[in-house]
Amino acid sequence: MSVNFLINQAKLIQEVIDAHALEIEKLDQEIGDGDHIFNVQRGIKLVIELEPTIKELPISKALNQIAMKVLSGIGGSSGALFGTLFMTMAKGENIDEGVDYKKAIEIFSLGVEAVKQRGKADVGEKTMMDVLIPVANCLQDGIQNNRDINEILTEAVQVAEDGMLSTKDLLATKGRASFLGERAKGHIDPGARSSQLMIKTVCESVIKK
Amino acid sequence: MKKFMNTSDDFLKESLQGFGAAHQDIVSVYYDPNFITRSQSTKEGKVALISGGGSGHEPMHGGLVGHGMLDAACPGFVFSSPTPDQMLAAAEKVDSGAGVLFIVKNYSGDVMNFQMASEMMQSPNESVLTNDDVAVEDSSFTTGRRGVAATVLVEKIVGSLAEHGGSLQECKSLGDKVNKNSGSMGVAFSSCTVPAAGKPTFELGFDEMEFGVGIHGEPGRRRDKIKPAQDITNELLEAIIEDLKPNSNEEMLLFINGMGGTPLTELYLVFDNAKKFLDSKNIKISRSLVGNYCTSLEMQGASITLTKLDEEIVKHWDSKVHTAAMRWGM
Amino acid sequence: MKKFMNTSDDFLKESLQGFGAAHQDIVSVYYDPNFITRSQSTKEGKVALISGGGSGHEPMHGGLVGHGMLDAACPGFVFSSPTPDQMLAAAEKVDSGAGVLFIVKNYSGDVMNFQMASEMMQSPNESVLTNDDVAVEDSSFTTGRRGVAATVLVEKIVGSLAEHGGSLQECKSLGDKVNKNSGSMGVAFSSCTVPAAGKPTFELGFDEMEFGVGIHGEPGRRRDKIKPAQDITNELLEAIIEDLKPNSNEEMLLFINGMGGTPLTELYLVFDNAKKFLDSKNIKISRSLVGNYCTSLEMQGASITLTKLDEEIVKHWDSKVHTAAMRWGM
Amino acid sequence: MSVNFLINQAKLIQEVIDAHALEIEKLDQEIGDGDHIFNVQRGIKLVIELEPTIKELPISKALNQIAMKVLSGIGGSSGALFGTLFMTMAKGENIDEGVDYKKAIEIFSLGVEAVKQRGKADVGEKTMMDVLIPVANCLQDGIQNNRDINEILTEAVQVAEDGMLSTKDLLATKGRASFLGERAKGHIDPGARSSQLMIKTVCESVIKK
């Protein structure tokens, strides 16, 4: 994982998110306040614009700049959560000496753990955690069992999708959708959908290589 | 979408600029990161009150910055919570050494962003979390209830205590008390349109209302046919009273808040209808507020807030205040 | 029609009752005939200011009754001028012997009803007729121009002079001057609905606006496609400036008035855009007002008023005022 | 003309106005502020409700009470104008000694003249004066020339209708419609329409006898 990799992923993610913008907007209008897509799009754009500033930096510094940009540029729940994710990843031990698959999965998992602390939401509460936690677990499991990376990533894509779909029938207990009680049922969580699309994009682009 | 705007990107900035220009005597507006402070700096030893939240609820919070109320406000994008850098920059500007009290409406985004700011800050700080919306069930296992119009009351009352030399802990305690003493519920006759979205957040039939609506157009308890004002008022008040359980002859503040698109004439009519109902329940309204204070862009509708009063709260409600949106005694 | 109301017959009465109950410290409300006075009686020797007009423009005029502004207001039915008996009863209550000044917006109905009251009165009285709406062509062969938002400014400024002991003639002259120094024009994004009618007064396409609209939803100069706020603002200001012909570097008051359904956020954005335009014309804005003061029920839209200032006008603008809708200095 | 006659006419007028309510409402929405029909309906209702109070009174007192009720109960332009009409009629000389056709036409014409003073509008300004003035003139002419009353009244009905229709193509110079300039053209004046309907109702009911 390099700074270049991060920027390229952001560009790929931008395409995918833009292609699903209307769908994501609608999800947050149904059980939230409708801004999730704009928050995410603004965040991605800001990260991509960082390219000239961060491209020569060590990855820890680059990740930290991304974190600060996401944190200050997005706002809302997703800004705090994605900001926390990157802030934690930036603090990964020795990452400036190189980030291989194992390291990448390690820092991603630490990031997800921090996000979980920040939002105090676990699996089953109809949030992006229904995607992030299972994916982190799947990646960690795979790498600990020394499985083929393409296999692991392929599984992660499936796990993300399952997690995302699982939010549909859940009652929300965290986030804005929690205000709706029973009325949130039947709708996929917007943050789960956007996270799932990002994870799918990253994993598939890596698999392709 | 029909709005006075040029582009949705410039909506917030131009609105802030206009606000700053129209009220130079009261506030200063800073950009990148965006925050609003009083035009005069906090006097030494005074606890600094900072609130903030997504934009679109004006005059809350920027219009409530000034003597006797907030020291600073951090406006996020429309309906998106502000970010920690805004809060840190505002705190840096207004903290005079007696500490900072954050007044935060209970939404995941707001709570998390203010928490991060709080953790990043060096100086003493506390938070009051408002969650007065009785339309939502309260529970410690969930995000809980939404913070809505009572936030305005908390800011007024705690603002006065801070002005009178209350300590950070005292300010927090009073804020928590006012919040606990308050219950609110709203109803919407129309949706609002987020500028960036360009289309209404939700759709309502020509004869429908959203009962228990949130201040971002979040769905409420149920969708209902529109009814006479007295019926709507009674139902809102019943829900609030069931939550607050006031004693007979309890003295209360009655706050009829417009959502942005409902004119004063109708808000006063709701006040009248509310008073009739409360009279019949032997609840005494000894303080009141009517107007558009905690709005949802151009949404048509209103919310009702009741707050149980005691001597301390009344004293700090009555004390003088000088902000763009609320002013008396000076 | 979605309104907080019970029946259209009770709309005005219940709204007045709510207004009176919410502002007992400032006003007293009387019924049959309907009028609103200050809760304290006029001090001896002070000219009594009485305004009035159809309801639906709240807070004008009832919300402008109080120290430093009106002594009484006579609310007609929604959009119908009040009647002579209301004015006579109000005058009887507030005339302290120094005479009565009627402030009347230039509409046939208002003019005729106030004239009849004036003729029926025994005591000295004068009238100021406001006709600031530059959307309409002025002419002495016709009814002339409409009185709109500048009426609020006239009431504030003359109210102060009366409070400071100005004579009936002096008050009338100042009122005429402020009116002559003022020009206004408005734009509507939506119609309003008169309660008794139950359906919108006019229809606008989803992308249309009524340019130069009247405060009762009367058609304006033209129907137009909606435009960016800066363009709308510029066009309104151009029309006003063409009428007022201010000198370069002239000091003016800029008043952005909401029609009832447009939220503050947008009004401040218009203020920003107006300031940009006026700066480019070297017109100095040294006083300002932003808010919903002269409304048209729940109509979405705004009007802009410019008033040329001089020392006398500024002095009386700045002086203290204490009404339900406008309050400073006390 | 008796008090009883006045009350009965008010009841007949109520029926006719109610039957044309939507049409009149629309006229005032097009070139006014939409309240004319409610003003007129309220006024008629108030007059009818006066029946028990005024039925035993001399006609001058009854007309005066009607005038005060109209003046205080309607508001707007039409309240002041119709109020002035009745106030002036109430002041007619010796009317308590009996009102025959000639007297009725005399006091009506005096009333119309007072309305003209009050509103400062003459024929051709697109107001109710385009009905009231020609009708008053026609009635006066007829009675001075000792023509048959039925003939006079029949002509008055026609004159009222012509006057009302003539407002359609006029530019308004008085009243709310004057604010519209050219845009008022093509619309009949609401006050002209309501006055014409009232005059038609009264004349035809008298002719029938």
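When the chains are written out, they are named A, B, C and D in that same order, and each has its own residue count from 1.
Here is the rule we go by: a residue touches a chain if its C-beta (ideal position, glycine included) is under 8 Å from a C-beta of that chain, and two chains touch if they have at least 3 such contacts.
On a predicted model such as this, the values are computed, not experimentally measured, just so you know.
Path length between subunit A and subunit D in the chain contact graph, taken as the least number of steps between touching chains: 3.
By the document's definition of touch, subunit C and subunit D have no common neighbour.
Of all the chains, the one whose CA centre sits at the greatest distance from that of subunit D is A. If you average the Cα atoms of subunit B and of subunit C, the two centres end up 29 Å apart. Here the CA centre of subunit A is 54 Å from the CA centre of subunit C. Here the spacing of subunit A and subunit B, counted between their Cα centres, is 32 Å. Contact with two or more other chains is made by no residue of subunit B.
If touching chains are joined by edges, the resulting network of the protein chains shown is an open path.
The full set of touching chain pairs reads A-B, B-C, C-D.
On the side of subunit B, the complex with subunit C involves touching residues 2-7, 11, 14-19, 21-22, 55-56, 58-59, 63, 189-190, 206-207, 209, 226, 228-230, 232-233, 256, 260-273, 275, 285, 288-290, 292, 295, 297-298, 300, 302, 325, 327-330.
Residues 33, 54, 76-86, 107-109, 112-113, 115-116, 133, 135-137, 139, 141-146, 194, 196-197, 201-202, 214, 216-219 of subunit B touch subunit A in their complex. On subunit A, the positions that touch subunit B within their shared complex are 25, 29, 31-35, 38-39, 68, 71-81, 83-84, 118-119, 172-176, 178-181, 183.
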